[in-house]
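Shared chain: chain A. Partners: chain B in the first complex, chain C in the second.
== the complex of A and B ==
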């Protein structure tokens, strides 16, 4: 009998390694590693409680074409007025709970737009002009808060976000820095007009947006829409100048303006190719309207603009705390607006600073 | 008791013993080494094929005071190339590289001429495009101090550039409307020495190079009727890089480099307005190694420079496969 019990015990012991015991299970493990490596198709729209996300991005945009009021393409390259836009993006987000997130973002932008060069011939006078509009500086800071449905994400998620763009960046154009070059005689020289613009809005802007997400195994669909509008009218300055000899004297004149209201919508299809790799295609539409600018005491409506962009891209998780996003923006159609092709690379750093 | 002993021995069957073993590298593993872990030359018999795609704009330059300024006049310029390349390891220490670029340069613009006294306005356009095969580049790499157990190596690289690209402007329709050359019009050679040390997951390199251009002749201005003799200034470059693995198959390289160009001679004389320029650049590559397939994205950022040195960033994409 003893021997039989011993044999039975040993056989049972041999079987244990090949047996998986399924007991009553609690909620899936909620550890930092699991949350930081959550694939897109299993991830909720907002950050998790205690998650801090720092995003740093660089966008290279080539303004090679624009659309006129009829939606016809204009080649800025052929005109020689194409330009390069460098944008450095910064964003900080924090998940207060699994359903509430706060964030702040801003950017630094550089862009120099040339106008066609001109030469004026009059008697023995030969005066050439070059013109450059430079935009350089920080943008305003946007503060936002977002809420999502108070339930665990499985298939469907929905969130609302609202915020304000604070007019903290310089917005009035700085004094121009025109120069005279190739001066041979008082009647023969080149004037280089150089206008120095800043990137601030000058007035607060409010925004509200909504987002929804549906995940069906490896395929996910996401839609976002939002509306941004100014809090009030603003006042800025325009520079004029006189040229005496080779010295410029500058004068500024005030004018008032109302920034455009903007409507934006996007829809994207995501394919989770691997746990660490998500491919997506986004369609992005933006429309601006209702703004005006004052010229000589008369308010002129800003032209209504629209632009539709297709944006293929990917999300690639390098390590639990580091993720890279890359997008390319192809402009498909639009009206009254520049249509820059762009490449955007963002590095996202994620952590749970207060979770040991 | 015997039965108990048999049963006890039976229990040992499912147990797999893990001892200390040394991983044996097979050729397929060697072909999957990353930019951080691979030796400075290809292994014997390995063939690597791929292409480099490079894109840059002509927007800014460093002036004589070292300030980054915009090109003064109206215009838009881009410079891009697609360069297929073949690399082959003749021995474990000796490698050859052949690259031939397809160049696509573009300059466009408009100008307006006002003559109020004649009641005339003239609109003109600038269209200078250069498309075609560029200069063939061959390189030979040799590990002078081979990479051994110390994981450090010293490699010499000799480049030879053969002027296979068109050297003169063609299809000249006017001073601002022609096809620009896609080649330099002269032979040149460069000697480069690179020291490399691997401390996994990092690697460090330091390098120094000198490029000598032989004299040549070509049409320098589309309005010229005959070719002019020229001799490009010598080029000196030096730099260092720090490279690391972000994970097992993604590497990040960081290269800080200095380049100096000497003055160019025209008709065996250095013109009064000739400048010797220099630039300091930072180049970073994000390299994805998917088995034998390698994709790299890189950006070269010009940090400082002087005397009309280019100041715009350059974007590079590299795709390679090791056979």
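== the complex of A and C ==
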């Protein structure tokens, strides 16, 4: 580790001689109204110096199918486990210079998966079970910094972004709240399982991503790729329980895990139909692997997952400060993962708060 | 006129700093270990029988030793060992085992493997040498072996009571009506429980006490005992309509089938906390501490007579069957 830090600082030191010349350049004065109304095909990848952007989004995901290990579609609706996932996204970004941007984002997620009722009959027993697997709460906070090519955007732009997802959100599952109803005899009752999960990762995650953009009059092409990886192993708990009469007694059992590394890539084609309206189609690919989870004191590899999605959408500028983004996600192919259809709407407020 | 800027005031210096930070972060991530287990192996049933090389299809005893090796008492066909994915078979024809009539298996405090047989105990030392113990005058059909936390070895027998090896000598306890001992277990308090044909004996280190249907047992013929991870002592009987467990609050009843006798042969707990009951005629019953679920012929289990059950160190539960060999269940990753 020390060696890596040393190498990084040696690289910094070698680059110092080149920085003085560049540091003497000044930028011409600009009009903030012009910058705020810049259409997508003329806009650089990062924010402008002094620009503050606040994004608030809502993602509605309908989890109606998933992909198995062979890539075959499984209908969650047919299995009775289809669900709706609500995600509320928040993001704050600020342009320190025309080439450096910092940002923070988080989300609130709510998802309840009901499993179909099952009835167990043995002898004259009638035991029915219902199950609700609930995910509810804030996600972790991601802090990021990005830099782009130190030149004005004309046709080509390139940026690098890196950051860390801080494990600030609750991540251990809360104690279940199972209940027994319709209890008649010691073996005739209904069990209502209720699992309460949280949305944090429990460990820091680092990420690095790159983006490139090329604009050819009204058509623009944009490509992004990124890699997210955990800083260390984590420890969480699983709940177990016993039932006596109609009273549950809960026990928590620790286990360790390592979150997956994830790789994502997307490519999009944009068409600037008007100065205030941009249409786009994105192809998005995500792959996760290399994580593991401990069960029964044994570390099991997490199944490798992959998912390819097509996302048609648009960007609509309402006013210089207000822009709306909307796109839908259609799952095309995948492996070992849920394949929700989703609709994401984001309202973006842009301003230059420190410009007089 | 341009004002001269220091390095750290320039935009490029900030970009360099960010770039170096990213490089450092990227090369310092946690790497996964090489010995991860494949998740596709979980949740699967596997059967072993004479067709797969097992010397017999009746498995009366299952045992996991302190090294994680699985041992099986294959009734009149000797014993079998499953270690690191391969099988070894022990019969009088190829080893120093006392008899092919192996009834149960245990381990002493030194790691030697003890084979209970229809007449005495065969001992396989950690150095792979064989020895044995036989009563000088009696035929001792060993039904169960238990080594307590003090290293004493308890042997149950048919019609000869039970024997205690304390490292220096052997004591036989053989009183009517407790001559046949079906199972012996130690609870979390260090009490020794002895399941007999006529009640459950408790030895607290100084004296014995008796528990029968008067104290709440579902039946006096106690056939299976198991002390679980939640400090409960499970009790199975031959003719009871429930299984019982003892804890600090007293004795509790858990019906597995309403108004139906469950003949319990053996009890074990898996790593997920499920309690498994090996039964005659009622198949294998998994109790997840809420709902009992039966595995029987009608839903795909090899047969309805299950003699024994043991969990290994790899998240598998092994079941010895009356006439179909062995069944192994790898726990699902829920």
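Here is the rule we go by: the second predicted complex is superposed on the first by the 324 of 356 C-alpha atoms of A that agree within 3 Å, B and C clash if a C-alpha of one lies under 4 Å from a C-alpha of the other, contacts with A are read in each partner's own complex, and residues count from 1 in each chain.
The definition used in the following text is that contacts are C-beta pairs under 8 Å (C-beta built on N, C-alpha and C of every residue); 3 or more make two chains touch, one makes a residue touch a chain.
In this text the structure is predicted, and so the values were computed from the model without any measurement.
**Student:** May I ask you to decide whether A:251 touches chain B, chain C, both, or neither, giving the answer as first, second, both or neither?
**Tutor:** second
**Student:** When the two structures are overlaid on chain A, which partner does A:96 contact: first (chain B), second (chain C), both, or neither?
**Tutor:** After superposition on chain A, A:96 lies in contact with chain C alone.
**Student:** Would you sort A:319 into first (chain B), second (chain C), both or neither based on which partner it touches?
**Tutor:** A:319 sits against chain B, while chain C stays out of touch.
**Student:** Check whether A:216 is in contact with chain B, with chain C, with both or with neither, and answer first, second, both or neither.
**Tutor:** In the superposition, A:216 touches no partner, neither chain B nor chain C.
**Student:** Can A:120 be said to touch chain B (first), chain C (second), both, or neither?
**Tutor:** both
**Student:** For the three-chain arrangement built by superposition, which of chain B and chain C touches the greater number of chain A residues?
**Tutor:** So, of the two partners, C touches more residues of chain A.
**Student:** Scan A:185 for contacts with chain B and chain C and give back first, second, both or neither.
**Tutor:** In the superposition, A:185 touches chain C alone.
**Student:** Touching chain B in one complex and chain C in the other: list those residues of chain A.
**Tutor:** Of chain A, residues 7, 120, 122-123 contact chain B in one complex and chain C in the other.
**Student:** Okay, in this complex, where on chain B does chain A touch?
**Tutor:** Result: residues 3-4, 7-8, 10-11, 14, 57, 59-60, 70-76, 106, 108-118, 125-126, 246-247, 250, 286, 312-313, 315 of chain B touch chain A.
**Student:** Which of the residues in chain C come into contact with chain A in the complex?
**Tutor:** 2-7, 9-30, 32-33, 35-40, 42, 230, 252-260, 270-273, 289-294, 313-315, 331, 333
**Student:** Would you tell me which residues of chain A are touching chain C in their complex?
**Tutor:** Residues in contact with chain C: 1, 4-5, 7-9, 11-12, 15-16, 18-20, 22-26, 69, 96-100, 120, 122-125, 127, 129, 145-147, 150, 160, 162, 164, 178, 185-188, 191, 206, 208, 227, 229-233, 240-244, 251, 258, 261, 290-293, 295-303.
**Student:** Residue numbers of chain A touching chain B in their complex, please.
**Tutor:** Those residues of chain A that touch chain B are 3, 6-7, 10, 13-14, 17, 60, 62, 64, 76-84, 112, 114-123, 130-132, 134, 181, 190, 192, 318-319, 322, 324, 343.
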